[in-house]
Amino acid sequence: AADSKLVVAMLPKSKGNAYFISCKAGADKAAKELGVQLLFDGPTDSNAAKQNEIVENWITLGVDVIAVAAENKEGISTALRKAQKQGINVITYDADALPDARAFFVNQATPEGIGQSLMDEAARLTGGEGEFAMIVGSLTAANQREWQKHVEARLKEKYPKMKLVVVRPCDDLKDKAQSEATAMLSANSNLKLIMAICSPGVPGTAEAVKQAGKAGKVKVMGLGLPNENRRYVKEGVTDSVILWNTGDLGYLTVYAGAALAKGELKKGAKTVKAGSLGTFQIAGDNILLGKPFIFNKGNIDQFDF
Amino acid sequence: MSAAPLLALRRIAKSFAGVRALRGVDFELHAGEVHALLGENGAGKSTLIKVITGAHQPDTGEITVAGQPVSELTPASAQALGIACIYQQPALFPDLTVAENIALRLESLGALGRVRWSARRTRAAELLARVGATISPDAEVRSLSMPEQQLVEIACALGAGARIVIMDEPTASLTQKEQHLLFSVVRDLRKNGVGVIYISHRLEEIFALADRVTVLRDGESVGTHPVADMSEGALIRYMVGREVAQIYPPAESAPGEVALALRAVGCASSGVRDISLEVRAGEIFGLAGLVGAGRTELARVLFGLTPADTGEVLLRGQPVALRSPQDAIAHGIAYVPEDRRRHGVVLDLPIAHNMTMAIHRRLFPTTWLRFGAERSLALDYIRDLAVKCSSPDAPGGSLSGGNQQKVSLARWLATKPRVLILDEPTQGVDVGAKSEIHKIIRGLAKDGLAVLLISSDLPEVLGMSDRLGVMRGGTLTAIFPAGTDAHTVMAAALGQAEKGAA
Amino acid sequence: MSRYFRELSVVGALAALLLGLAIFAPAFFSPQPLLSLVTREAPTLVVACGMALVIISRQIDISVGSQFSVCSVCAGLLAARGWPLALVLPASITMGALLGAINGALVAGLRLPSIVVTLATMVTLRQGLNLVRQGEFVNMPDAIQWFGLPQATGQLVLVALSVALLIALALAMRHLAAGRFVYAVGTDAEASRLAGIRPQLVTFLVFVFIGALTGLAAMMNIVQSPQVQPLSGAGLELKVIAAVVVGGVAISGGRGNLWGAFAGLLLLACVSPALTHLHIEAYWEKAIQGAIILLAVVADGLRSRKAGN
Amino acid sequence: MSHVTPAPGNSRPWKARLLSHEMLLLYVLLAEWLFFYFAGTTTNRRGVVVGFGTWDRQFDILRHSCEIGLLALALTPVIITAGIDLSVGSLLGLSAILFGQLWHDAGLPIPLAIAFTLVLGALAGGLNALLITTLRLPPLIVTLGTYSLFRGLAEAITRGSVTYTDFPESFLFFGQERWLGLPTQAWIFFAVAAAVWLLMHRTTFGRSFRAIGLAPEGARYAGLPVGRRVALVYVLAGLIAALAAIIYTARLGQAKADAGTGYELFAITAVVLGGTSIFGGTGSVHGTLLGVAAIAVLKNGLACLPVVMRMNAAEEMSGLLTGALLLLALTAGVLPKMLSKLRPRRHAPAV
């Protein structure tokens, strides 16, 4: 009870996801450096209702900071507002809630930036023309829809010679991504590229392309972790994987949360310090992590997460 | 008789959760004898049989087979010892073929043994021929009638080369012809040195077939006697422990107006066709016929379970549509079904709930339950019909067969019917309860009910009925007045007589 | 003929679907996607065979999905520790058999209803796995991939293995005494006890068997990819139950056969790739699968009602 | 030897009643609650009492239990008629979507949209009822089909992605605020619970559901309208699932196609834990409520235990323990019987 450690509670969308596991690694590191207690709990599947329940639990537990990757903007915001009313510091990371429900958003990259990076990279790989397909995580995940929207917007705006022919969900399962990609390949003989925007989707697609013997002929790219894709990138099946440094995202989130709780980070601040990573810029109420990074054959071995 | 009996039981006891079904039974069976087992409902006959076949483990007691003591009898080991049983309810697999059913009993294959389908088929055909059945070995058992299934059971026992064959009320659902066939199979077995244990509530069969008889009462054996030394009266005294008059109560009033009239009623899906008859208030109209003659089907038509598609049903002169049991009840028709354990009482529900089940609308008009009213109604019927039970809250399954039948009857009397259909009301009911039920039925008729009494027990229909119809092949072939002799009725049921006067 | 009405009608529906695809999307029949489809469904087929046995014996097992996940992760962890394939494979099968034995002991030994028992073990196993692993993936060494064979050969081995298993089991169910025991127990446990069969033992063994098959299927699945995802078994139970039931195995036990289950599985498995090839939006997939299940039972219901009258 | 079996007199029913399934479950619930009250309540850094022993937490438990509780109430009559309905969770999702559409796309006022949603839920239940009663199909399979169908329709209608939000405050009041001290939806839940309890235990409907569960043919021979009663049970389940969808939407402030995924299994677990036999015929509504409460307290209590918090595994632990509790409840019903079977045989020689 008299344990006077600061308690930071961090809510991922789905805690088994490799993406969030690597987030947690960074968060753990920051928590150790700061001497705060870190709770890292979330649904095992992406489930908005469960996220709410966990936040409400944390409210009654009286934690100091709640950091949330929102599965659903509106759904979670009510609970977050309630937390703020009880004097809990609320920030969001990875996926934002409504602006009035949190103090800051640790923004790894804007959906727009991600969508543009993805589309630009796809255009670079195909030479700006031809048919391509897309694999998404689930049909109901909000951030996926957001990214897809921005990909399509960029496509319309800048690459008139490219055509998105099919979008299929893989339920965040690698096996399913693989069979979907296989079906796509045979159903669309002119396919030049498959873009997977969920992390199990990229290796699944790569496996399908590899098995179809179309490595190199059909490009594979998407959002994913270097470790999951290293094998395929090296084999030349997957061309590029786009991601920010997820460990840094977790690290920065914990630092920002702690700073907020200690009163070091206030509304209107222009920068925030995050231990060994140095200082980060703040634009409005968005703490910016930096640009997404493109991993390819040349640089992938430098990263381990 | 020979020194070592084929089967000897000493002081066998068995209890079920407090019910002492067997309290120490001694029993001996010799080779080449038909040994009848007799007793009231619930005396423990079936339980004893299940002990012999290994289906139940006795709590105490010894079993000796051909001089060898056996312990821990299981169905498999009993089979290996040459014990075969034809249960009250055939224990066959409805989804499997006849050949396969027979094979499952006879072949003791290891789990990895190979099934020889053609050999199975030939063997089945051969065994079926031996019991005189014309059943295809490839027929699925669910498509067979009850007697046909019984014949398959007997074929199994024959095929097993059993030394001890047990028959638990095998004739309860057999036709006369099949019954004679069965008797000759039994005599055949006896001739070949097989010991047969034969259970039946029909005393005439015991006199016709058995060599010795053992009587069970309340789970104890009260004596074994050669059948030749016994009279019917003596046997009944042994069973019941008192005298029972086997006299049917006489009619005490003249029938009134026509309560129920059928005009050329038929129902294609259940094989009932062109039935015309009239039943008057205060009259008992008996329906005789062989099993499968369609009497139950007719009752189901009248009760709206399989609605009629041709003809007309009139109640007190008014034509009515009987599309469902609810319709039938609303028009004052009640039906006490044949299969009391499946249809007559819900075994897991209290007696009181069972009794009020058909009168929810009347007893609970707002659908709101009135426990007090229900209880007093149940107590009334328990008293009036002399149901032996601990309380109205006891589950129906805790009662003996005869008392279950009374509960089933009470349910329908509670509807205050004008027409009462009774389907085999005394089947599997012991002599004592049977005569009580007869008295109740007669009393109901006296109160002005029109009673349609279906029974395969020929003396019963003859004795109880004011008029008597005979069915055959789904239609009514003859109607006789009271006092017609058994021979004439039987001949009509078998289709050997001309159409009687209606 | 009418005895196999259900199996034939499923085959008919499958044929109609394939015919439609042949006309409107001939690309479906190119070897690669077909091979990929059957490779992917091979493990499911193995579990479906087990499920057919369980349902024929008048039980149900909704814990197979969780068993599948547990076996996958355990096998993955062993492989990652450097165990050779020759040990990982039997270990996975044994693991499955043990999990099945728990169900079997509860259902057969204590005579508890299998639907509730396996519901409980499903939840327990799934959450236990989550608790221990927190959803983490397992990275597998290359030696386990495709059973250490070249990929094309490996695919063929997987498919051949599952088909061989199907044929062997289908024949065993018809021609071995053990198979007939399963039918007998499913038709009427009490009658089979009186016929000298030990129904509780048969039930127990059926659960052990489906567990072992699930362990094998898990292995067949994880060799296909370099990572084991603990969620891989999610929803497997409903998929195989649906396939088996669509294929005409009666939920009330004692009726149906493995060929029907096979046809049912193929029919349901073809829906998803068929949608892609016919350029129908993916959102309809679940609804169509639900409709197929309903149509299959409705056809049966109409037929038996006609036969009944 | 000196042990005397109690005479079947007055003492037995008392003992039996105190050891009935429901009472045992009540003891478990109380034990759970007390344990978490003492082990799950702490004072935090700011000196505020937090954790399980706060009113806020108790209200949260209540709030979070309403939807699954409603589904469990819907399933109790279904299971008592020896049926099952796997589709309630999917129907919750479909109803949430339909409600969102009616309000947002069709522009209906909220009360009207609610009314229509309830009607549509009842109709969807009616589809189950139709297939089960007129064609006599096994409920497990029919509802497995509609389980897939309803969820599939919800996804197809929204193309997976449309999420309805921005509901008016007056509507969110039902899911997020308190009324007369309790979470608003708790009042609705209690009202439904009372209604279902009365239906099951005080009217002829409950009586006939039981009879149908025990002996469907027997019930038909007794003149009970079996088809209509069974249909009623599924329609009611659809109606209650739609109501749960409304509450779910109000609680989260959003309607999305994945609403209620997996809820059917929780609900079935609660019902069975509450002592309703999966074979039909026996069971009670209060048992179901106790089952729901036992699971909810376990789940929320674990989340307040410091040990569990440090492991970040409240969800998993509670799932694990719920499964174990279910197995325990099942075996608890059987083990005494098995033991009593063994006992007389063991003592028989001594007598």
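First chain written, first letter: the chains are A, B, C and D, and each begins at residue 1.
The rule is simple: a contact is a pair of C-beta atoms (placed from the backbone, for glycine too) under 8 Å apart; a residue touches a chain by one contact, two chains touch by 3 or more.
All of these numbers come straight from a predicted model, not from anything done at the bench.
Novice: Counting hops between chains that touch, how far apart are subunit B and subunit D?
Specialist: Graph distance in the chain contact network comes out at 1.
Novice: Which neighbours does subunit A have in common with subunit B?
Specialist: A chain counts here if it touches both subunit A and subunit B, which gives C, D.
Novice: Measuring between mean CA coordinates, which chain is farthest from subunit C?
Specialist: So the chain farthest away from subunit C turns out to be B.
Novice: So what's the Cα centroid distance for subunit A and subunit D, whole Å?
Specialist: Chain centres of subunit A and subunit D, defined by C-alpha means, are spaced 36 Å apart.
Novice: Using mean C-alpha positions as chain centres, tell me how far subunit C is from subunit D in Å, no decimals.
Specialist: 29
Novice: Could you put a whole-Å number on the gap between the CA centroids of subunit B and subunit C?
Specialist: Here the centre of subunit C sits 45 Å away from the centre of subunit B.
Novice: Send over the residues of subunit D in touch with two or more other chains.
Specialist: In subunit D, 155, 159-160, 312-313, 315-316 touch at least two other chains.
Novice: Could you list the positions in subunit A whose residues touch two or more of the other chains?
Specialist: 15, 44-45, 139, 169
Novice: Could you check subunit C for residues that touch two or more other chains and list them?
Specialist: Residues 130, 134, 282-283.
Novice: If two chains touch, include that pair; go through all of them.
Specialist: Taking the chains two at a time, the touching pairs are A-C, A-D, B-C, B-D, C-D.
Novice: Tell me, which parts of subunit A touch subunit C in their complex?
Specialist: 14-18, 21, 44-45, 139, 166-169, 172-175, 178-180, 182-187, 189, 200, 203-204, 207-208, 211-213, 227-228, 231
Novice: Using the touch rule from the top, collect the residues of subunit C that touch subunit B in their complex.
Specialist: 174-181, 183-184, 186-188, 190-198, 254-255, 309
Novice: Spell out the part of subunit D that touches subunit C in their complex, as residue ranges.
Specialist: Residue list for subunit D touching subunit C: 84, 131, 135-138, 140-142, 144-153, 155-156, 158-160, 265, 268-269, 272, 278-279, 311-313, 315-320, 322-324, 326-327, 330-331, 334-335, 338.
Novice: Provide the residue numbers of subunit A that touch subunit D in the complex, in ascending order.
Specialist: So the residues of subunit A in touch with subunit D come to 1-7, 15, 39-41, 43-45, 47-50, 52-54, 56-57, 59-64, 72-75, 77-78, 87, 138-140, 142, 145, 169.
Novice: Hey, which residues of subunit B end up touching subunit D in the complex?
Specialist: Interface residues on the subunit B side: 15, 17, 59-60, 305, 324-326, 328-329, 335, 337, 342-349, 353, 357-358, 360, 364, 367-369, 411.
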